[in-house]
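Worksheet for the structure shown next.
Just so it is clear, A, B, C, D and E label the chains in written order, and each chain counts residues from 1 on its own.
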Amino acid sequence: MLKVDKLNQFYGESHTLWDLELDVPKGQCTCVMGRNGVGKTTLMKCIMGEESVKDGSLNYNGGVELTQQKVEDRSRLGIGYVPQGRQIFPLLTVEENLRTGLAARKDGSKQIPERIYELFPVLKEMKNRRGGDLSGGQQQQLAIGRALVIEPQLLILDEPGEGIQPNIVAQIGEVIRKLIAEDGLTVLLVEQKLPFARKYADRFAILDRGRRVAQGDIGELSDELIKQHLTV
Amino acid sequence: MNFFEEISHRDRVFEFLAPAASPVDVRHGPILYLEDVSVSFDGFKAINNLNLTIDDGELRCIIGPNGAGKTTMMDIITGKTRPDTGSVWFGSRHNLLTMNEPDIATLGIGRKFQKPTVFEALTVFENLELAMATDKRVLPTLTARLTGEHRDRIEEVLNLIGLAQLHHREAGILSHGQKQWLEIGMLLMQKPRLLLVDEPVAGMTEQEMERTAELLTNLAGEQSVVVVEHDMGFVRSIAKKVTVLHQGSVLAEGTMDQVSNDPKVIEVYLGEGA
Amino acid sequence: MVSSNLNTSKPWLLRPFNERSTQLFLGILFGALALVTILHLAFPEGHALHVSAYTVTLLGKYLCYALLAVAVDLVWGFLGILSLGHGAFFALGGYAMGMYLMRQIGDRGVYGDPVLPDFMVFLNWQELPWFWHGFDMAWFAFIMVLLAPGLLALIFGFLAFRSRVTGVYLSIITQALTFALMLAFFRNEMGFGGNNGLTDFKDILGFDLRSDATRLGLFIATGIALAIGYVVCRGIVLSKLGRVSVACRDAEARTRFIGYRVERVQLFVFVVSAMLAGVAGALYVPQVGIINPSEFSPLFSIEVVVWVALGGRATLYGAVIGALLVNYAKTVFTGIMPDAWLFALGGLFVLVTVLLPKGIAGLLQRRKAPEDSAQAAGQEVTA
Amino acid sequence: MSILRLLTGLLLLLSLSLPAGVYAQSSDSEASALLQALADSSYAQKQQVISDIVSSGDERARTWLEAYADGKLAQTKDTGAFVFVLSNRGRDWTVADALSGDTIGEMSRRNIDRIRINNALRKELEGMLSVIDLTVDDADTRLAAARALKGEVDAALAERIGTLLDTEADDDVHDALTEALAIYQVAQGEVAAVAVLSGSLNPQARVALNNAAQSDNPELAAAAAKALESIQTKLKINSAAETLYFGLSLGSVLVLAAIGLAITFGVMGVINMAHGELIMLGAYTTWGMQQLFPGQPGLALILSIPAGFLVAALAGIAIERTVIQHLKGRPLETLLATFGVSLILQQLVRTVISPLNRSVVTPEWMSGSLMINEALSLTLNRLYVIGFALVVFAGLMLIMRKTRLGLEVRAVTQNRAMARSMGIKATRVDILTFGLGSGVAGLAGVALSQITNVGPNLGQSYIIDSFMVVVFGGVGNLWGTLVAGLSLGTINQILEPWAGAVLAKIVVLVFIILFIQKRPRGLFPQKGRAAEG
Amino acid sequence: AEDPIKVGILHSLSGTMAISESTLKDTLLMLIEKQNAEGGVLGRQLEPVVVDPASNWPLFAEKARELLAKEEVDVIFGNWTSVSRKSVLPVVEELNGLLFYPVQYEGEESSENVFYTGAAPNQQAIPAVDYLMNEIGVERWVLAGTDYVYPRTTNKILETYLKSHGVAEEDIMINYTPFGHSNWQSIVADIKAFGSEGKKTAVVSTINGDANVPFYRELGNQGIDASDIPVVAFSVGEQELSGIDTAPLVGHLAAWNYFMSVEGDANYEFIDAWVDYTGNEEAVTNDPMEAHFIGFNMWVDAVEKAGTADVDAVKDAIIGVTVPNLTGGYATMMPNHHITKPVLIGEIQDNGQFEVVWETPSTVAGDAWSDFLPGSMDLISDWRKPLACGNYNVVTHSCGGAEEPAE
């Protein structure tokens, strides 16, 4: 679904991503892991176009070169994004937050899919509250809901469980699996929490200091690797 | 870096972590006392007749569903939000409802926010320097000098939070997790009597979580700590007493085991899987 | 390993002297003062190298503006308070000085009244209003130069900061303040000479204002005032209070939670800045020879902000550069292209903003500056 | 008064005894002689000449006198012929022969000697014409004439009115005539007439009553005093209504000026110092349209609404594309750049058009006032402006609330990067919104051209007020702008009568400062966690 | 050829005053061009030096200094507002320059270096009031002005004058508004109420600049006719009218020393030259332009008389110089540096011109110190030697507070 090839990224002078390569196979959930500050979020931003890349390619869906695409168009290509830190629109109501996603829908529908509200009933309850007033976890749910509004083919989740109560975290995991199974969704997940990753991801990739240092099926994620790359 | 190995000795108490002398009066019981506190926003009751007592030196975990009112409670304690009714006492002498944020902070209540907030234009070092427990009135701040002692303390904390190499960089460029750590560092510099920590381990790896757990347990005793967290593994590893909030009031309170077997808690919070 | 704050162990006012940029700034400033003085005194009029009294006064005026710009940069750049009313403090300082100069005229006014200034005789006032008393004494007037703007800033700031007025709201009420003062001073009943303001000064501290030597003296005094103002501001910026200010600017609420009384920090810096502006105004008046309510005009205050932005915000020396450059450009353009100079000036503003995000100072800065600072501070305005 | 009396008598005589068409046309030489007399005589003598003209019975007399009253009657220097001046702009004027009425063509104005008239004469002529108007068929004209007579009645006229009252069918005219008569009668000391004036709002009636109240006749004085009392309360209510109207109209000017800024600044966060100049462009567009459609100021004004919007919107878009788009995320810098833009625009107008004010004509249907009663009339131009402001506000509200643009622009300003990630075309949104805000500023300019100067400084006089209104209302809230504008306008107008214009303005400013202390985020603050930071 | 004689032009070309002042700059350029075409002065060409003080008062002082010290001009024509003149005055005196000031003003000033070619209050306000009182029979007075020195002083003078003619306190209404005031609703309503009490009422307007358009508009809309309550304005001339829709204003008055509509060859010639110079058929002339025309010609005469452009020589030579004005008479420079002027009252016509309805029988000499202000009643100004004093007190026989008392 997405093939990252020799990606290099700089913040000003500092080289953050180094010749990064990553495969995100279709219909699977790939989990990116790594310590704080290794560049996971940066990678996601590069895919979404929020940060510009120096060189390398982002091949999407077997042909589209993402680096050539305008930022706005990437979501139209079916990429949904749940950024780290939620990034909801604080002064828009919950409903309006969700409606922003309608722009990128293929079918041009003007309705927020009922499914979102079923998934996160709290959003329906708080439909008319300002997004910024929600509690942290509620905002996170809103961010996920908003990404789902565009009915993405590729869903990028940057630490989606952060701040969410346990039963809903589990529920999110289930939803991901369900979407993968039913709609053939592809998921690119950034997650620090091993139990979650082990339970819901199909594949993993580990980043360290901006390089990909390991990848494979989630079953292959050994304690060895964890100790080597995920502990301080 | 082997500094971290050093601190993993549970019994080690750092000099800089020792609480500053605080005027708070805890002779007659708890350090923090909330009674019948209620607050509503545009008619929505976020906190509903909440009663809560934290003992001096206690480490308390607070859990509860999203929107239960945990952050709002902290807002009330630190003076950010004024409750509609109820009373909040710090020790037996200080009525927090009559005080503003800096007074409360000066009194010895420190806070880490749910969404990490640091001073983005200042360097990591300066962030810690500002947080340091010193005279924070205007003129003393103007004439303040950075002594070697201060510097040492800052360095110590820098090492502890793993940002020593980034100390001269602006905090704005830190990654999410790094900001979390920096905020914890600022909290440590403040040397408060009471620490309110909102979701400290969000975005941390397992190992970092362990480190945080150690840190917090070490602080307890001398200082009182209130931790809000959704990561049950983490809560389990540090919790002695857990309070469950739901819809603005206490749903359950007890040890981790008691709480996690409480059917109500399972229903609204933990879910069957946990 | 921690090296960046090396001179934080010195008293705050001395810290700037350890800093390259301040040394450079003071060096250039005093060098320029000395050079102008020498060129003015050593060469006879008409000589190619002679700096005329006209130029000296002009430079003096620029330096006043520069000091005002520094004052604005202190509150805007480091505290995040976009004051659109600093002209008010400038003008108040100016009026305090103007009142002194007016009283100095004595009975040399056109009506020859020993006590009443001309405009009062002219409007048939019978006695001196109470607030004019004392201004015949230089020391009193000079204290008022600091006190009048300082007090206004204190009262205004106390109210505003206590109520946590921030961002544009604060900007707009500073603007309302200066606007209201402008209208008030326009009123002849106020006793400040109405629209015509105070003019026709004769001498200051016994020196004839028309003599070249006095002009030179005022110019040098202004230069020194600028140097002192700069060092004081720099001292504040380099002190811990400076860092607290930046903290207030970027995350006001957060600063409170670590125990700083944000409103007092703001008040302190605001009052200092207002007093500096007052000094600038006081030095300005004898050099331009008039003070009238148009200095209170909101557009003038906005223009000052524009100088600061053009020079480069949050650098102090940028403010100086901005003020000097814009005013020099004005002088030149209004002379050589009187019909089209606004195009040039307006174009300059647009181009600098678009092409030099950090102003002219950004060009000079070799070290990478805190890039998000302006941005972070800027967001308050929209929030 | 004496000459008026004379004329009244004369005219009544004429208009009654000689139905139209019986007038004879005197010979041209006689006519010339009459006009020559008019031209040559001094102001004092002119009155006599006028009555000569009237009594000459020439059917052209009325045209001459009307032209004379309008200052259009002139004599050529070279031939001494009498002409009507049809157009009097520029160095050459178009004239028509006063005797035959034929258009002659253009003539150097230096060859034209206008027959002088002054206010006093003009007033006399008007009085005459209104007496004639009392007997025309059109009821409105009669009403106007009858009203004009209040306070002008003399014995002869009083008698005449008495007879006219018997035949007057229209109630309003009848009332007006009765009152006019009563004013005269009260002045003559007739106690009975006081009752008619009781409750009257006419100032002349009040003058008459006031005089009567001072009179030696105790009965009359008492009756008059009582009548005055009833008038006073009525007047108070009316003056309160008037103040409110003044306030609303000032307020709606503020709203109009600020509402575009409420979009560009309030919603988009651009500190647009060139906002005033965009208003100015709208006003100049109105002027331009009137140049394009000379003689049709109304049509031009209506066409200016779309044109002004378009011109300002395009200018706004140009500013956005060339300057503001480079300043994303640096809102404060927009202040600097747009300040520059505003300087350039001002000077551009000075160089390209003129540093002088331009004259924008008020169409007939917008001038004058709508008379509610004799103490309260609402000026039409302001009435239209109030309506226009409300319409513009409603339209804007619709766009921001009901279209996607409203949602998208708020999303883009709150979090640009995220909005783009959601597929919102941020650039397009910027252009549309800035264009919209600027266009609305242009609309404000169109409206302002009917109230104030159209000149290069127009913008500067509104920019500060506009920012105040937007901020006072609460940034980002359109309702806030509306309420803030209207309330500041009203407060100002309530204060003005007792504080004077300058103090009132100062008080309003101080009020804003103090109010912001109470509500640090304006009238309608953005609430909630996010706003508090 | 010799060096040209430099003529400084100090008028705002930008900012709020550009509206009024920029045409004065052009007037001077035209006059200079013409003079040069005729061979200049003393055989030397005139060279205009134009600067823009941008309606900024301190900048006026700076630019004046620039003109005198840097450009070394021999004479300056400039200023409009009082405050700008006040700002320039010390500079001109210090550097011993010559300034010709072309605008009507509040008086109470006499400087050795300044020549006032505009009207003093006794050349405009007082005759206008005389006219209203005697010819129109006005009994109640509204003195409406912008809140600054000129209106304040004028109104003060008028108040004293009116009272001395038996007008009662309650028959005078005084009202001040800020610069650029645009909301006249309640003031006009007040005027209307004030004027409907049975006595003939007139408004004496010293309303300045841009505020006039909305003022007259409001008058028209509230139905105040010139025949009911005439307004006589001291700051509204042809140029201001060109920016107003004059239809509703017909019959309102203005008092000036010149109107474009005045017939006469000198005026025709001037208008033609101006129209040609600007290339605008509709270009209008006005009173301050005439003042510059007179001032310029006086200066030229004086230079020729003195045989040099040297300031001191010209200063001495110019007193008594007489040149034709544009209304068929002559203007003479008086020893107090003011000139003689006829006073004309005109009624506004629908084409933006004035129709003269009254004029003083002869010219009036400008009075530097008003006879109606207590402080200045006893002062006179005479710059001829040996008195050479701008504020000589005829009671105490001393030269007021002048810095250099008469030797």
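We adopt the following convention: a residue touches a chain if its C-beta (ideal position, glycine included) is under 8 Å from a C-beta of that chain, and two chains touch if they have at least 3 such contacts.
Chains and their UniProt names: A = Amino acid/amide ABC transporter ATP-binding protein 2, HAAT family; B = Urea transport system ATP-binding protein; C = Amino acid/amide ABC transporter membrane protein 2, HAAT family; D = Amino acid/amide ABC transporter membrane protein 1, HAAT family.
Since the model is a prediction, treat every value here as computed from it, not as a measurement.
Note on connectivity: the fewest steps through touching chains from subunit A to subunit E is 2.
By the document's definition of touch, common neighbours of subunit A and subunit C comprise B, D. Of all chains displayed, C has the C-alpha centre closest to the centre of the whole protein C-alpha set. Of the two chain pairs considered here, D-E and A-D, the higher C-beta contact count falls to D-E. Chain geometry summary: the mean Cα position of subunit C and that of subunit E are 36 Å apart. Chain geometry summary: the mean Cα position of subunit B and that of subunit D are 66 Å apart. Work out the mean CA point of subunit B and of subunit C, and you get 44 Å between them.
Subunit A and subunit B have Cα centroids separated by 29 Å. In subunit D, 346-347, 460, 502, 505, 527-528, 530-532 are the positions where the chain touches two or more neighbouring chains simultaneously. Across the assembly, subunit E contributes 13-14, 147, 176, 178 as residues in contact with two or more other chains. Those residues of subunit C in touch with two or more other chains are numbered 183, 186-187, 251, 253, 339, 342, 371, 377. Note for the complex: subunit E touches subunit C at residues 13-14, 50-54, 56-59, 61-63, 65-66, 69-70, 81-83, 86-87, 89-91, 94, 108-110, 147-149, 152-153, 156, 176, 178-179, 373-376, 379, 390-391, 393, 398, 400-403.
Touching subunit A in their complex are the following residues of subunit D: 404, 407-408, 410-411, 414-415, 417-426, 476, 526-531.
Partner subunit D is touched in their complex by these residues of subunit C: 82, 156, 159-160, 162-166, 168-169, 172-173, 175-177, 179-180, 183-184, 186-187, 251-253, 298-299, 302-303, 305-306, 309-310, 313, 339-340, 342-343, 345-350, 352-354, 357, 374-375, 377-383.
Those residues of subunit A that touch subunit D in the complex are listed here as 48-50, 71-76, 81, 83, 87-92, 96, 99-101, 103-104, 130-133, 146, 150. Against subunit B, the residues of subunit A that register as touching in their complex are 11, 35-37, 41, 84-86, 122, 129, 133-138, 140-141, 159, 162-171, 192-195, 226, 230-232.
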